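Common to both upcoming complexes is subunit A, partnered first by subunit B, then by subunit C.
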Partner chain A sequence: METNMQLQAPAPGVGTDRRAVVDEVDLIPVRTYWQLVRQRFMQHRLAVIALVLLAVLVILAWTIPTLTGELYQKTSLDLIDQGPSLSAPLGYDHLGENTFVRLMRATQTSLTIGFAAVLIIVGIGVTLGSIAGYVGGLVDNLLMRLVDVVLSIPSFFFIVALVAFWGGGNVWVIIFAIGLAGWTTAARLVRAEFLRLREVDFVQAARALGASPRRIVLRHMLPMALAPILVAATLGIADSVVLEAALSFLGFGISPPEASLGNMLNNAQRYFYREPILMFYPGIMLILVVLCASFLGDGLRDALDPRQRIER
Partner chain B sequence: MTDTLLRVRHLRTYFWTLDGIVKAVDGVNMDIGTGRTLGVVGESGCGKSITALSIMRLIERPGKIVEGSVDLDRTDLLKLSESEMREIRGNAISMIFQEPMTSLNPVFTTGNQIAEAIRLHADIGAREAEDRAVEMLRKVGIPDPERRARQYPHEMSGGMRQRVMIAMALSTYPQLLIADEPTTALDVTIQAQILELMKELREERRMSIMLITHDLGVIAEMADDVVVMYSGKVVETGDVFTIFERPHHPYTQGLLGSLPRIGQRRGRLRVIEGVVPNPLNLPKGCLFARRCPCVMPICEQTPPPFQEVHPGQVSRCWLTPAGTTPAVGMTAPADVAEAEAARMTITADSGRQSATAAQMGEVGR
Partner chain C sequence: MVTYLFRRLIQAIPILFGISLVAFAIINLAPGSPVDRFQTGRVSHQTIQNLIHLYGLDQPLPVQYVKWITTFVQFWRVDAWGFSFVDGLPVTQKIFARVPSTLELMGTALAVTILFAIPIGILAAVRQYSWADKIITTFATIGYAMPSFWLGLLLLFVFAVELNWFPLFGKYTFGQEGQPLNLIWHLVLPVSSLAIQQIAGWSRYMRSSMLEVMHQDYIRTARAKGLPNSGVIYRHALRNALIPIITLLGLTIPSLLAGAAITETIFSWPGLGYLLVSSVNTRDYPVVLALTMMGGFMVIAGNLLADVLYAVVDPRITY
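Moving on, here comes the complex of A and B:
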C-alpha cells in the first residue's frame, strides 16, 4: 500500500509551480527521532523489564501506604514475630509491625529521596554546567574549580557532615544533602555537551539571526543536551537510593518509626539471629530498585544515542 | 544605483593563538552598493569568512576586531552595543551558511524555525509568524509549503534545506544578505537553482548581497563587483567585467588561469605554485611575492600600495597599470597599450569560458 502512495504522490505537485522541485527522496516515510528511540529502547529487553518493574514498584509504594495510613508504624505486642498471613504477607517484625506495609512505606521514602535528589542534582548541574559551557573563559574556569573542590571531598562524608549540620531524620535534609554532593558529574556532563554544541552550525546560525544568549541556550542547546542529562538522571536515582540506605543504615538518615530501606536493614541486622528473613525484604527491594534504575539508564543511553543504529 | 549600503574601512580582525597573533583580516576595505552583489573570492584561509563574521560581529575568542569601521547606512556597527547589534543581525543583515545540512536545528520543524526568526525581529503572534513562514517557503520554491513547514530538517535534502535557510534569512526583508559559500555543499544542478533563486529575490527586494566563494564561476554568474582577497588583505577590486577581462594582480590572473577549460582536455591544469604564507610568519614585502610569477626585487622588500590601474579597478601590486615591470622613476612606456590590448582579448576570452564552465559546475573544486 505504501509504495503505491509514494509512486503517485509526485504527480500532483509538479505542475503547480514552475520552480517546484520534487525530491523523490523526501517521499519516503521517515521515522522521527523519538520513534527511533522508542524502537531501540524496546529492543533492550532488560530495560523494558526494568521499566515495567519500576512502574509496578512505584504504584505499589504509593498506593499501599496511602491506603493503610499509619499502619506501617503501628506496633503490637501480640503480633511480634508472627508469620505471614493474608493481612500481612511478609509477617510481623520484632516490634509487631506489619513488615509488608512497612516495606512499601520504606520503598516510597527511598524512591521519593531518589527522585527528589536527582531533581536537585539535575537542577544545579544543568544550570552551572550550561553557564560554564556557554560563557566559557574565566566563568567556566571558576565553576569547574568549584566542581573540583566539591569532588575532592569524599561525597559520603560530605553528606554525613551536611546531615549532621542540619540535623538528621528529616527526609528533606537528606534530599538536599545528597543533591548538594552529587551535582558535579551532571555539571561536567552538561558543560562538555555545551562546549561541543556552541560550535555547532545551527547555534552559529541562530546567533546570526540575532537570537539572545538566553534564547540560544534554552531553545537551541538544552534540548540537544537532553539525552545525556536523562541518562545521568536515571542512573542518579540508583545512586541516591543507595546513599540514603547507607545513611539510614549508619543512623544518619531516616530514623524509626519512619520507615526507609536503610533503617529497615539496620533494624533487621540487630535481630539477625532471631529473625534473619527480615534482612532480605529491604535488601531485595534495594537491589530491585537500583538494578531497575541502572538497566533503565542503560537502555535509555543505547536508545538515545543516534550514532548507534545497529540492531541489537 | 551607486549609493553605498555597507562601507567597510580598515577592518582588522586578529586571533590570539598560543603560537602568536594571526592577522586573519588585515586592513580590509570594501563597499557594497544598494541592490548590488559583491563577490568576495580567494583561497581557503584568506579571511573571506572572517570578514563576513566581523561585519556581523560574530567573532569569538580568541579572535577580536582590533580596529576599523563597518558602516551600514552611516551607522558604525562596530560601535553598537551587543543588544543593538542583535537587532541588526537577522534583520538588517542576514547570513546564510555553507552547510545547509547542519545549519538548521534538528529538533524543531522548519516552519517553527522560520517563524522564530521572524518573531525575533517583528512583534507579531505565533500563528501569524507561522503563516508568514509558509509564505516564505512558497517564495523560495518549495512545493507543498504547508506540509514542509511541519517537517523536520532531516526529512529534507540538502537543496531543500538551503532553500529553508534562504527563506529564514530573507523572512525579515534584510537590506544585506551575506552568503558564505551558499552553494559549495550542494551538487551542481541544485547550485544553479539556488543561485537563480538568490538572483530573483535580489531583484525583487533590491537587496544587496555579499557573496563569499572560491568558485569563480559563481562570481561570474552573480556578482556586480569583485573583491579578491589574499592572506587577510584585499589584493584587487573592480567590477566583475574588469576583473575577468583585465585582471591586474598576478594572483587574480593566477586564479583565473587555473580554471579548467571546457574542451581543453590535454595537458595539466595550470595552478598557482606554492601555498598561502603561514599567517604567523608573514613575509616582509608583498604577501604573494613567493608565489608570484612576476616577482621583482622590490616585492620582497616593501609591501605594494594600492594603485588605481583603471577607473574603478584597484590593485595592490608593484606592476604598472599595464601589468609591466615599472621602469625606475617613470610610468609605462608607449607600446604598453598595444601589449595590453592583446592581453585583454586573451583574458576576456578566458573569463567568458569560465562563466560557462561555472554553469556546468566544473569550476573551483
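Moving on, here comes the complex of A and C:
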C-alpha cells in the first residue's frame, strides 16, 4: 500500500509520449498511504472536532482525579447542596461530594471500561475471526456456530447475568462481560475479510515463496483487514460506555463510593426531587462520548477506506 | 420456501442447545449460591441444607443440567420450567403473567417508531441537503446518541414530576385496572423513551435507503416519462426503499427486549425486563434461565422473520 496513488500511467493510446508522462509524474509530490489517510481525515470536519473533544475529555478525566486524589468520594456535611464555586464548578450534591471532581472520576472509569472492553472485543474477534477465515473447513464451521450462539443470546441479558452473578461492582468483570458479549461482529468482519484475502494474488505469492502461515496472517493479511477493525473498534467504544452506564444505572455495575456515569445517574434518580440538575451532567457526558466516538468512526471509515463511503 | 423454513427451524435447534449450555454455565458456575441470602445466622444450618436439597443444588452440575434441559423442553407442562426460588410459583406461570405487559409496551413502541420514522426518513431523503433534512439529521444523530434510560429519566422528570401530566410509574392507577384509557395514559412516557431512540435510528436508515433508490435508473426513467413527482416518490421509490427496512423489523425485536429491561425498571412496568432485573437480584436461577432461553428464541425468531419478510416483499429473492 506504500505505492503512490498518483503514479498510474495513463492508458495506452491517450496520445502523450512517454517522456512527457514521466516529467509530469515527477512534479507530483509522492504521498504515502498514511499521508493520504491523514489528508482525508482532516477533510472530515466533524471527525476532527470529535477527536479534539475526545482528547480534551481524556486529559481532563485523567488529570483531575489524579490531582485531587480521594476527593471524589469525600463527603462533608457542611458542604451539602452548596452551589457552584471556583473549587467546585458544578457545586456539591446531597452528600456533600464535589460533583465536578466526581464527574471527571466517573468519566475516567467509564472511558477505561470502554477502551478495555473494546480491546477484548478486538482481541477475541481478530483471533477467532482470522483463524476461522484462514483455516476454513471444520474449524471455521465450529467457530461460526459459536458466533451464532453468542449472537442469539440477547447481549444485555448475557451481560447482566455475568456481571450480577460473577462479582458485581468489579471493574474487570464488567469489562470481560462486555467483551465476551460483543466480539462476534468483529470476528465476522475479520473472517469475511480473510476469506476474500486468502485468494488474493499477493497472498498466493507469499505462499508460493514459502512464507509460514503465521507470517502470511500477521504480515500480509492482517494489515489489509485493519481498516474495518479500527472503525468497528471506535464505534464499539460508544456501545461499551453506554452498556456500562446501563449496568451501573440498574445497580449491577460499579457501586458508590466509586464513581461511574451510570451510578451517578442512579444516584441522581433517587434525589431527583431535590436536585434534578444532577441528572444532566452524567447524561450530557454520555452523549458527548457517544457522539465523539461515532463521528470519529465515520471519519476513520471515510479516511481509511474511501471505497466504503456511502453516498450522502 | 417451505423447505427453507424447515431447514432454518432445524438449524435453530443446535443454536438453542448452545444457548442453554452457555446460559446454564454462566449462572451455575458463578461464585455464590441462591441460598446465600439466608446465611444471616438466624436460619439454621439444617434448614439451609434442606433448601439446597430442595433446589437440587447438591447434585453434580452435569446431572443438574440434564435434569433441567429434559424438563425444560416439555414446555406444554406447567412445571416444565421449574419453580421460582423466591415464591415457589411455576416459572411458566410467572413469565406468562408478564408477557402481555411487555408486548403492549414493545408493540406500541414499534408501531410509533414505524409511524414516525418512515415519513421522516422520506422527507429527509426527498429534500436532501435542505433545512428540513439538516434538522432531521441533527436530531437523529443526537437522538441516537442519547441513552434511552437517560431519556426516560428526563421524560419522567419533566412530564411526571414538574408538569404532572403523566403518572410516575406502573401500568394502571390503583382501582382502575383494565381500563384502556388509563393504560394509554401510563404508556406514553415509557413508549416515548423507547421509541425516540428507535425513530432516530430507523429514520437515518430510511433516509439512506431512500437516497440509494432515488439514484437508480428506473427513477430517472419514471421522471423522464413525465410522471408527477409524488407518483415517482410513492409508487416507484418508496416501495423499493422499504425492502431493507422490513428486515430491520425482525432485528429490532431483540433490541427492544433489552431496551425494555431498562425502561421497564425505570417506569416500574410489570413486564419481562423488570422480572429479569428483579430475578437476577434475588438469584432466582430458574426464572433467569427461562428468560434467557426465551430471549434467545426471540432473537432466532426475529432473524427468521426478517429473512422470510425479505423474500415476501422482494420477488427477486428466492430461497
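Just a few scattered comments:
The working rule: the second predicted complex is superposed on the first by the 277 of 312 C-alpha atoms of A that agree within 3 Å, B and C clash if a C-alpha of one lies under 4 Å from a C-alpha of the other, contacts with A are read in each partner's own complex, and residues count from 1 in each chain.
Simple rule for what comes next: a contact is a pair of C-beta atoms (placed from the backbone, for glycine too) under 8 Å apart; a residue touches a chain by one contact, two chains touch by 3 or more.
The structure displayed is predicted, hence computed values, not measured ones.
Judged by the touch definition given at the top, the superposed model places A:123 against neither subunit B nor subunit C. Within the superposed three-chain arrangement, the count of touched residues of subunit A is higher for C, of the candidates subunit B and subunit C. Using the contact criterion defined above for the overlaid structures, shared-chain residue A:146 touches subunit C, although it does not reach subunit B.
Within the superposed three-chain model, A:89 lies out of touch with both subunit B and subunit C [touch as defined at top]. In the superposition on chain A, A:167 contacts subunit C only, with no contact to subunit B.
In the overlay built on the shared chain, the residue A:158 is in contact with subunit C alone; subunit B does not reach it. In the superposition on chain A, A:69 makes contact with neither subunit B nor subunit C.
Residues 145-146, 148-158, 160-162, 164-167, 238, 242, 245-246, 249-252, 265, 268-269, 272-273, 276, 279, 282-283, 286-287, 290-291, 294, 310-312 of subunit A are the ones touching subunit C in the complex. Subunit C meets subunit A in the complex at residues 14-16, 18-19, 22-23, 26-27, 30-32, 141-142, 144-147, 149-150, 153-154, 156-157, 161, 208, 211-212, 215, 254, 257-258, 261-262, 265-266, 276-277, 280-281, 283, 288, 291-292, 295-296, 298-300.
By the touch criterion stated above, subunit A contacts subunit B in their complex at residues 13-14, 16-17, 19-23, 25-26, 30, 32-33, 136-137, 200-202, 204-212, 215, 219-220, 223-224.
Interface residues of subunit B, counted against subunit A in their complex, comprise 56, 58, 61, 83, 86-91, 94-95, 97, 99, 102-107, 116-117, 120-121, 141-144, 152, 154-157, 159-160, 165, 168, 193, 197.
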